[in-house]
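Next come two complexes built around chain A: one with chain B, the other with chain C.
For the complex of A and B:
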């Protein structure tokens, strides 16, 4: 008996939890303007997210899935993508979406139970949030196939959670993307918990990145709270995919500092000590430490940034709350390019009852 | 004009679409090198290349899901599911995404997809290869479901499906693939969607059917002529949406309705037709509506499949009893 194949999974970290560089940084890491742009976006996410939770708690927003603690992964991925790449999110990767031009008001509109939130004025080809777990993965493979058919140097980027890697669609899409050499980068945001089930109970695999091995594609693990490493790993994976090198699975190790959604209460199943320890590794603080230690940032600038983010968020809240209610007709208007005759009577009925309610 | 079988007419329509629209891409299991297990795509990969006619990996969910991603990029994927009994892994993609994307993005992302698949039994196939599962799909908003019954209609409807800006499920009756030939002109003319077709005019009873059952119904109607029973036969053709108005017009003339389908009766498409005629046409009826369908059993293995599929005799009995009621 002899070994016929061997595989390694590598881990990348470039900025540790204390804000100290731990390896050689790529070009963007030496450009303070780029670092500050990413830090500002992470901060906007945190302010937006905190406000969303408060809005839900006070009855002004529907159930909401927070992104607290995962901002470095989300913004790092967004910063690495090109504008004409296409994003296939799950439902909490706001940092990537905001970086790509989705509006704060649009995200609030979606979570307030209104389809108009998925209109996406900015990235017109990006997919909306995907609630059925892992089903976005084949969509991304399909878009990647379209880029291949048309000879376009573009990439599809798909998010998935740690729990999502248990789904068939996750494996199927990675396998297809590998077999057909598609420009796809899949990002597993391993935040430790699939609602109440920890990763250790989700799989016997030591890493989620190693799930790439069975698909015959590249797999790498990265500190997902380290925006430098996330962006670096993503830039490499995207460049490889764009140049015909096939897909990559990136596992970003982060932590869900929030409940799963505002309808969840993680204190019922998650040890308090684990949460407290995770707050010590969170992404904003280490980035700020680095920036301040290197003279790129000050307490005054931090206060100004927070105030600016708060103003943006307040404006977005006003915008979504001012949106007139959608018409009953809209249930029918977007079902088909042309509404079949048989549905017109139902539309008329819905219109009648909407007009006479109350 | 060539006389073609139904599967040859499908091949002709696919070739026409590939030739005339660079966005059309075929995908499915064994459709390329092998030309499809029923030969529906024979010769097309050789003609149009492996990127236009793609051999997919063996996963129905990924075929349907990739079609969503491709269509969102402006391609017009025509995906083949090898047999309808294998549709289940694709249903998450078809029902949760294909059918809903236009609506949930308020028209920002639209999906011009056709999902083709063999439908029904009667060809002595193995287990899971003979299913009639149209009800699963007709229940979902945002999908069209078509089922042609002749080569010419298959050609025209498939072109219409491919050119339609929304997802279309295209059911191909396996029993008809090679049953008969018909002159089919390769004129690129798409058939009308959302309407049924009158196969035979009659005064005594309206018989609504689709797919392979249409041929059995026409035989039954012919046999009943000797008993002076004059059947009007409607090929439903579009199973969703249903052209209820045409059915109601016919029932208003004949006063009787029989619905024939191969699928199981419980929650079948026939139930929807019967309910609508009861709601909107009850006072035209001289007799109770009758359904002649597959049984609410598991589709049997092929040794018993002809006991399951409504036979000409069973159909004729159903029509006769309705007319004599």
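For the complex of A and C:
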């Protein structure tokens, strides 16, 4: 008997939890302007997120899925993508979307139950939030196939959570992308918890990145709280995909510092101490430590940034709250080119009641 | 003044319970400053202030249940900050998301909402869709229910109460569902009785109970035999014959955890309710040791002085109910244990011995087992081994 194949899973970290560089940084890492742009965006995400929870708690937003703790993955992925790539988000990757031009007010609008929030101001080609688990993966593989057929140098970037990797659609999409060398980069945001199921109970696999092996594609694990490493790994994966090198599965190791959604209470299932330990590894602090240690940032600038983010968020809150209610017809729009008969009848009925009740 | 009404803190929740206030009347608060911790069916959440201003009134105190949409806090707004006030109508949007709770705030009216009937017997049949759906599944006619929600809205809890499911959200108060006109004195279940209500409901909802009865002929007993000690020894003998019954059943992983030590919980009747202290490792104790332990636990149970460690993790249960009356019963298996033996009143019975008639003392036995994981064969072999041991002279 002899071995016929061997595989390794590599892990990349370039900025440790204390803010110390741990490897050779790519070009953008030596450009303070680029680092500051990413840090500002991560901070905006944090302020936006905190406000969103308060809005839900005071009846001004529907159920909301927070992103606190995962900003480095989200912003790092966004910064590595090109404008004409297509994003397939799950439902909390606001950092990527904001980087790509989605507005704060648009995100609030969506979470207030108004689909107009998915009418993205910036990246029109990006897909909307995907609440069902893993169904975005075949969509992303399909988009990647379209780019290949058209001969376009574009990539599909699909997010999925650690729990989502147990879904059949995840494997199907990876397999198709591998078999056909599609320009797809799948980003598994491993935040430790699929609602209340910890990763250790989700799978017997030691890493989620190794799920790439069966699909015959590249797989790599990255410190998801390290924005330098996330962006570096993503830039490499996207360049490979764009040049016909096929798909990559990136597992970003991060932590959900929030509840799953505002309808969840993680204290009911998360072991004591785990959250406190995770706060020691969170992404904003280490980035700020690095920036301050190298003279690119100061406490004064931090205070000014926080105030600026708060002002942007407050303006977004005013904007989405000032939005007139959606029309009754809007629930019938955008689904069919020609509305089926049953829905025509329902639309007539809805219009009737809307007119009488207001 | 600005009145802040309790928003839907989850997805389609009808109410929430005040855990504790962080502010008091007269306090000046900023936007997003925490006001109160509220417990819903799913979570304890911090509710922040939607406005900047001075607290004029707090509607309710700790443990009070507040309906969604009911007044929570009144503020006197800072005039120059008033612009921050939210629109008065709370947003009711709810994006469906993973972990979604299948209830809704939407009301469906089965009867005209402005019914002219205002007699005491008038019943509402307005129900949230989830309650309506549950009622349909359980075969409950909601027109007979009295809604406890906002404007007599029938809630899921009302339907469950009607179905006597007695499912209580953690930390919530017991809710009488009888009409107020029922008369009598309402005796709220407390402590042990409430625990009993919950564990019995759990047992009923989870265990597939099956009971088999027989008698042990104890005519041959020498004087000085100790009933409870003999029963414990017999249980140990039974469990040695059928080790798979000295176990816990885990329905989630569909397995049973079989124990080598036999820890028998003994049901003790106290004025406050049922207690089940546990005698550990009965298979390796002498009758004298068992008696000392039985006495200690009985005294401790009556005085309510037993530590929690004496009251949990039994692997088999014994109910020696026949001290006063009662020959056979259907004792209730309390999960995760899977069997309970009930011993009824010993009586002098006419029995056939060979072809002759004799009068023997006999102990009636009732064994209930969880048929999800115990076969009838296992149960009767266990019972047979118990009887053989009980029938020994000493």
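Some points to look at:
Note that the second predicted complex is superposed on the first by the 348 of 358 C-alpha atoms of A that agree within 3 Å, B and C clash if a C-alpha of one lies under 4 Å from a C-alpha of the other, contacts with A are read in each partner's own complex, and residues count from 1 in each chain.
Just so we're on the same page, contacts are C-beta pairs under 8 Å (C-beta built on N, C-alpha and C of every residue); 3 or more make two chains touch, one makes a residue touch a chain.
In this text the structure is predicted, and so the values were computed from the model without any measurement.
After superposition on chain A, the partners chain B and chain C are seen to fit next to each other with no clash.
Once the two complexes are laid over each other on the shared chain, residue contacts for A:306 go to neither chain B nor chain C.
Between the C-alpha centres of chain B and chain C, as viewed from that of chain A after superposition on chain A, lies an angle of 80 degrees, to the nearest 10. Contacts of A:156 after superposition on the shared chain: chain B is touched, whereas chain C is not.
In the superposition on chain A, A:40 contacts neither chain B nor chain C. Once the two complexes are overlaid on the shared chain, A:51 sits against chain C while remaining clear of chain B. Contact with chain C, but none with chain B, is seen for A:268 once the two complexes are overlaid on the shared chain. Once the two complexes are overlaid on the shared chain, A:139 sits against chain B while remaining clear of chain C. In the overlay built on the shared chain, the residue A:351 is in contact with neither chain B nor chain C.
Of all C-alpha pairs spanning chain B and chain C in the superposed arrangement, the closest lie 12 Å apart.
Contacts of chain A with chain B, set against its contacts with chain C after fitting on chain A, share not one residue. In the complex of the two chains, the chain A residues touching chain C come out as 50-51, 54, 56-65, 91, 110-114, 131, 133, 195, 259-265, 267-268, 321.
Residues of chain B touching chain A in their complex: 25, 51-52, 54, 56-57, 59, 61-62, 64-75, 77, 89, 92-93, 96-97, 102-110, 141-142, 144, 164-166, 194, 241-245.
Within the complex, the chain A residues that touch chain B are 86, 88, 115-116, 118-120, 124-125, 127-128, 132, 135, 137-150, 156, 168-169, 172-173, 175-176, 179-180, 330-331, 333-337, 340-343.
Those residues of chain C whose C-beta lies close enough to touch chain A in the complex are 4-11, 32, 42-50, 86-87, 90-101.
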